[in-house]
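Okay, structure first, notes after.
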């Protein structure tokens, strides 16, 4: 059995086990996540050495059956998912024994997360439009479950909005795929360039992108996201923000690469929407009063940046910008997961997540706040983080193209992200008159380790950017 | 086309459809819920039975008669049960038997 | 083994930073031991390195992190200059800071970031290409921010915010310029006499714009005039931080960056050919005068010193911008000289504040009698700043003046004269109050000054004297800068 | 004589400075201060002169040597410092700030002695600056309001002078490519450099109008400090000028005229202003201004007539040595007056003070007469445009000096004794007075031509006595009283009322808001209904946009469409 | 038949509008149920009996029950907040819908897929092309669809809907249940087996089976208790489990994920479908009956 | 002929709609839905007979089998216990 099959099936099997035997949920989840990480890494190494791999499921070749395409980009995303998942799993598994109200949540988390994992893996490997749609269905539903995990009224409300928006997105996606089938008679990914040859095919692509925009919470279709990501349980938010949103972005990137010049107009729209998201998200993050809301809005902004990068890809397989986009996705995933986990820990320790109250706390800043700061550095794109390398490559590509207005926008986005994240980080540096000399430091928890680990990974990834970037070279040709 | 089963079948079907049409009109015209329940339990069931019978005449194979018969049976029993239950649930002294 | 020397030097502070950050606040002995060991080790390694570099050895390390982007370290003569400054002053400032913060809060955080700050400085010193430089330059911003807001007061946070706005803005400009240059030129290693090839001929406009961006980027840290606003505000930080910001890490990195950009990216001839040298020199001149004039008006001791820094650091820029080997010697030497002089002043000022609560010029009355040692160190530093021989400041001013003439800019002499006059005008009243006024009635010490606080300013003051007196000795800063300049202008 | 290594000359006082940093060693230092100039004296008097010393590692490469006139300067300077130090440690024995004073004193001494030996620019400038800046401490010592003013004025002028000197030296060094001080007098030095250097020295020399600091400082400093300020340090300015001006080589009429104008103004202005002073030390200080102007006049003449320099040079050295001793004796005499409580003792002291006073006034037979006559003779050899005025100028100078001496004497008689003053402060004064009489034969000025006194030489003195008598009589008759002029001349007008405001500190600039984050209000999250509309609209717009734009042919890579 | 189709289309639109605009939840649900009926009819008219069957099973029958359950849980409808947006939304939606209809109509699909399916049908092991696509050519899609169902079950489980405590419907229900339940089992088996050659299959069979089970539940004939719920849950999960195991097992045998061994395709397909039928039925039932009672914080 | 009858059966099915919309009671609406279900079954049978597709009988059978479930659910869920 090769890694791709195991990657897509093991998480699902584990999800079933965890759902059927709640008592074994945690151990199953941890083992599955670990195994998944191992598989992803092995696959990535193999792809990095041997180049992209394609597989026809059931032996039925592409137009008839469904293909898996495990190229560098997919491998990168798989590893990203595995790493983030590992961090979040450590957080959940290592959380202190819950009070009665949270027991169910904890056990319910694992099957949902494992289903998410399986769906993400399937999505990254899939080379078929309809299959992508199906994976989105699992993903969307599991994400709604994760959103509702905390069980609060706002979380349920947000989950419902998320569900509605997700379904609308799915519907658009489905319409697009159907139209693509109606136009081209097939739904494998290779059909994308062909679609651009006819009006109908172009409309199909437009619908698919619209659906993806909803799923990726791209401005102005992001309305569901801040509420969902800010009211969910922290570990769920981490997964949602770091991974689930990436799925749609990944598909957009994949289509942009596959489609080449054919999706020119859509990419422009993506870029414009990305810019809008960057500004809108940043503005709201600047005004947010609650920590989680700020982080959620920051996701809007960051996704905007990535969308902008994807929108500006030249489509050529050797372009710099799409590499930058992939790297930005990776770094955002790690950093944002770390950030949400850290926020979870901060909230847990302080009992609230009001930003204005952070610096009036008697509690000394602890590891979680440090992790937040490191994650913030990565999100802003300061060296030596992967975010920095990604932005560097992005700017490099943009300058190469002479796209100065976009350069200015990227810089503006950077400034804004620095501004709103500094609001929190500066308060994490509380001390002096605000903290009594005898104030305690929060105790160490597994959550701290997870947040810190992910944040450090985002930091260290900057130094090891060569690994993902060389991996990206192994794309399908 | 003009064999007996086909004529019979068509006639039965026409009658059944007629029942259905009457049922629909009645359903619209009758004044209250309990009256309207009659439509469901009687006219409709009769209409469907006739239609099914007619269809069975037209096709005539046992493979199609079995499902048509089951259809009639299920519809009839459904209509009756639902009609009864609904009626009981809206009558003031119903509810607990 | 020796080729790893740059890495080892970097790691002495970079490696220790997370360890210290993770230590509980109460474990001060272990922390101090770690700190001092690391600082001592770095000093030893740097000494070894400079010996090797003086002997003609070359060090280079590279880690490719993306196609065309490599984190690369090297140790050339210019690096060693800055390295030596930072390692010596790190040791002293650490000792000082240990004493200064005794019994304070958040010390692990402080020393962790302190180490990180020095690590960034070391990285800046040894960066072998523009990318690496940018990386460490930004890292420095991040490492110093927590130090600026260390006190945690509202004012400190405000200062931190301003600091961040300026430095991140500068970082952005720098990054943009760097990316642009990479986009145009491929890779941008630091090599004497520039690496741009015929780019300035083919695309002078872009090259000029990049230059402006890069200089604006590093100029924020070097506190060139419209970009200097963060510096005086940052004075709310504890004294060792101010010392570090002004003497070693931040402003020097900016100045060092200007050097690298002018010498090793563009090459002096290119800068001159593009017509950029004169505006840069003019900017430096304006900064020199502006900083001094602003310093005159400050009553807060550290703020006055901060404005003085604004002025003094631009001497380095001036030395670089005047296209002349003699001026370059002056500028480079001033990098070191200003460092040791300014750190002396800040450490002494910190002692005044710690021991007597004296933070303003107007409260300096009688300090000479109350705290003769610290006041003496302060005096040496102040005279050095004014350029009184035989102290260090005189040597660099001398070469700058000569360099100005060499470059055909006699106005530099007037500039130096005016600046010295202003220096005297804002330093001498302090000395006057300290030595010749009577201390206020009933002044009581706030706290005893232990050896950890007293020793560092004394040592740096001695260094100020030695750097001036022994300027001609082989391993003096001046001697070393002559060596560097001979490489650039040969 | 014992051959001392030249580096010891500045090193000994410096070593004492270093020693004084150790609190326990301070009594020893205090005792040793008068000995500190001893190496200098020995070096000056040694025959042959000590060998030059090169210290390449020091500064930019330093060389010490005793050359030419420097020997004379070194000799009288060393003597002056020694005797002043002696008086200082006695006079200030009970003063709280004595150690500070002594440190400054030693530093200034180092500078003053060192600059006479330094052969290279850097060292020369270093010592010059050390002398100037350390003297600030001497001026400020007593810490009263007068000292504050004097200190501020002094340091302003000193720093300005230093900077001018620095600029001039660096210009000169660059132009000649030499770092030797001697090279500064060469013709390659640009005029601007020479002017700047001269300005630096003229400040020190106290040439009008750069003299403003001088009366204030001399009056404010303790007497021994005034003695060295006036006697030794002003001469450093003269020494500097004699070193850097291209004397004897080329005629510079314009410069000469300018210098002469300054000198003449000084000659007239100094007595005029000095007579109005109420403080004897201020009067003496003005007299210094006058005397130094005379020397400047000599320089001006030498500039105008290079051929006369070989004669003028020694005469100026002579004059300098004479003035050094005499003025120092007068200043050192002031504490002696303070110490003289009884009328008898007071009379004796006043009589003793008359010796240097008369010497200054040029009474025939005194050193002053010798020196002035030498200058007059030397000037007589020169011939240029305005040399006819020189005689008159000399006369005015002598007349003014005489008047000032009378005024000083009159003031000294009246000053009150200060009971706490130790008696033995008179001893150094007496020694100095002895030097006034015999000094020119002690210091190696070379042969002094035997002169014959003429009646004419008494003329200024007589005229002065006459004028003074007339003035006193006149004022008595009319009942006028002389209102003493405030010190500081025009600077007095600029004085601020004493405030408690910090020195040079204006109010801090107003704080500006750096608000980065706008007013925050919890933002309303968008409603899902609106979201639905947004989704629809975006989808419709995208679809429409895609539909109306022209389809593109699929790229070449997709040529292998499956056969359908 | 044009008149028929037009009437059908009008009816569908009317139902859809009613479902959306009625303020009474029951009315909406009822309209939705009728919509399902009409849509099934339209699938019939579009010559897609497979889809019609699925629509009939899921759309018309069970969703009505599930919606009614949800409606009861939610209580009365509150006044709509976004009414002002309704008009523009309707306009845009109809514009989009009309445009898309036009685009769909103007698309002329090249015959690629159907010929491929036809060509490969003999190798697929079944003769119904729909089943061949669903469980062989694109079985991976189907597996993931089952996963969707499982996730839905998990989410419902998470949200902890109250156990349904039905009102006793009295003895009159018993004969109904006793007749309907066996018939539905038979029907399910029939549909399942028929799937390999004619319209039918696991989805439809599962839905029918669920309908029969629900009849039992509503009649009070079904066993209750935590253990039963647990068992039902595991049954609901087992379909995916079997599918996954089959997928991996087939890979072990043939080296290709979901590549069934040669000539044994039909066995594999029917076995998987059988498991799916049970699991779908259990899932649908559970969705209606609910899980153990859980407090929401 | 059968086509026409199917059309009439469809119309009879659709005739339940007004009652569904108007109500007035919830029970009316459910009964209407039930009625429409029967009508649909009839329509399906007729369509099957018209086209000769026996598959439609399965569809009709499924409808018939599940027709009562929602009605039962309605009644069972109708009276709240609280």
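In this document, chain identifiers A, B, C, D, E and F correspond to the written order of the chains, with residue numbering beginning at 1 in each.
Assume a residue touches a chain if its C-beta (ideal position, glycine included) is under 8 Å from a C-beta of that chain, and two chains touch if they have at least 3 such contacts.
Treat the numbers as computed from the prediction; the structure is a model and nothing was measured.
**Q** Work out which chains are contact partners of both chain A and chain C.
**A** D
**Q** In the touch network of chains, how many steps separate chain B from chain E on the shortest route?
**A** 1
**Q** Of the chain pairs A-E and A-D, which one is connected by the greater count of C-beta contacts?
**A** Output for the comparison: A-E.
**Q** Average the CA atoms of each chain to get its centre, and name the chain whose centre is farthest from that of chain B.
**A** The most remote chain is D.
**Q** Compared with chain F, which chain's mean CA position is the farthest off?
**A** The most distant chain relative to chain F turns out to be D.
**Q** List the centre-to-centre spacing of chain C and chain E in whole Å, with centres computed as mean CA coordinates.
**A** 72
**Q** Can you check how far apart chain E and chain F are, centre to centre, with Cα atoms defining each centre and the answer in Å?
**A** 18
**Q** Report the inter-centroid distance (CA atoms only) between chain B and chain D in whole Å.
**A** 128
**Q** Suppose each chain is reduced to the average of its Cα coordinates; what separation in Å results between chain B and chain C?
**A** 96
**Q** Note the residues in chain D that touch 2 or more other chains, in rising order.
**A** Each of 516, 527-528, 530, 532, 539, 543-544, 547, 562, 564 in chain D touches at least two other chains.
**Q** Any chance you could list the residues of chain B touching two or more other chains?
**A** 70, 74, 77-78, 81, 85
**Q** Mind pulling the chain E residues that touch 2 or more other chains?
**A** As it turns out, chain E has residues touching two or more other chains at 100, 103, 110-112, 169, 173, 176, 180, 183, 187.
**Q** Name the touching chain pairs, would you?
**A** So the chains that touch one another pair up as A-C, A-D, A-E, B-E, B-F, C-D, D-E, E-F.
**Q** Report the residues of chain C in contact with chain D in the complex, numbered from low to high.
**A** 158, 161-162, 165, 296-300, 303, 360-362, 368, 376, 383, 386-390, 394-395, 397-398, 401-402, 405-406, 410, 413-414, 416-417, 420-421, 424-426, 428-430, 432-433, 435-438, 468-473
**Q** Within their complex, state which residues of chain E touch chain F.
**A** The touching residues are 1, 3-4, 7-8, 10-11, 14-15, 18, 22, 24, 26-27, 30-31, 33-34, 37-38, 40-41, 44-45, 49, 52-53, 56-57, 60-62, 64-65, 68-69, 72, 164-167, 169, 173, 176, 180, 183-184, 187, 190-191, 194, 198-200, 204, 207-208, 211-212, 214-215, 218-219, 288.
**Q** For the complex, give me every residue of chain F touching chain B.
**A** So the residues of chain F touching chain B come out as 1-2, 5, 8-9, 11-13, 15-16, 18-19, 25, 27-28, 30-32, 34-35, 38-39, 41-42, 45-46, 48-49, 52, 54, 57-58, 60-61, 64-65, 67-68, 71-72, 74-75, 78-79.
**Q** Taking the complex as given, what residues does chain D use to touch chain C?
**A** Counting only chain D, the residues touching chain C are 21, 56-61, 100, 122-123, 125-126, 129-130, 133, 136-137, 140-141, 143, 147, 151-152, 155, 159-160, 162-164, 166-167, 170-171, 173-175, 192, 501-506, 508-509, 514, 516.
**Q** So in the complex, which bits of chain E are touching chain B?
**A** 169-173, 175-176, 179-180, 183, 187
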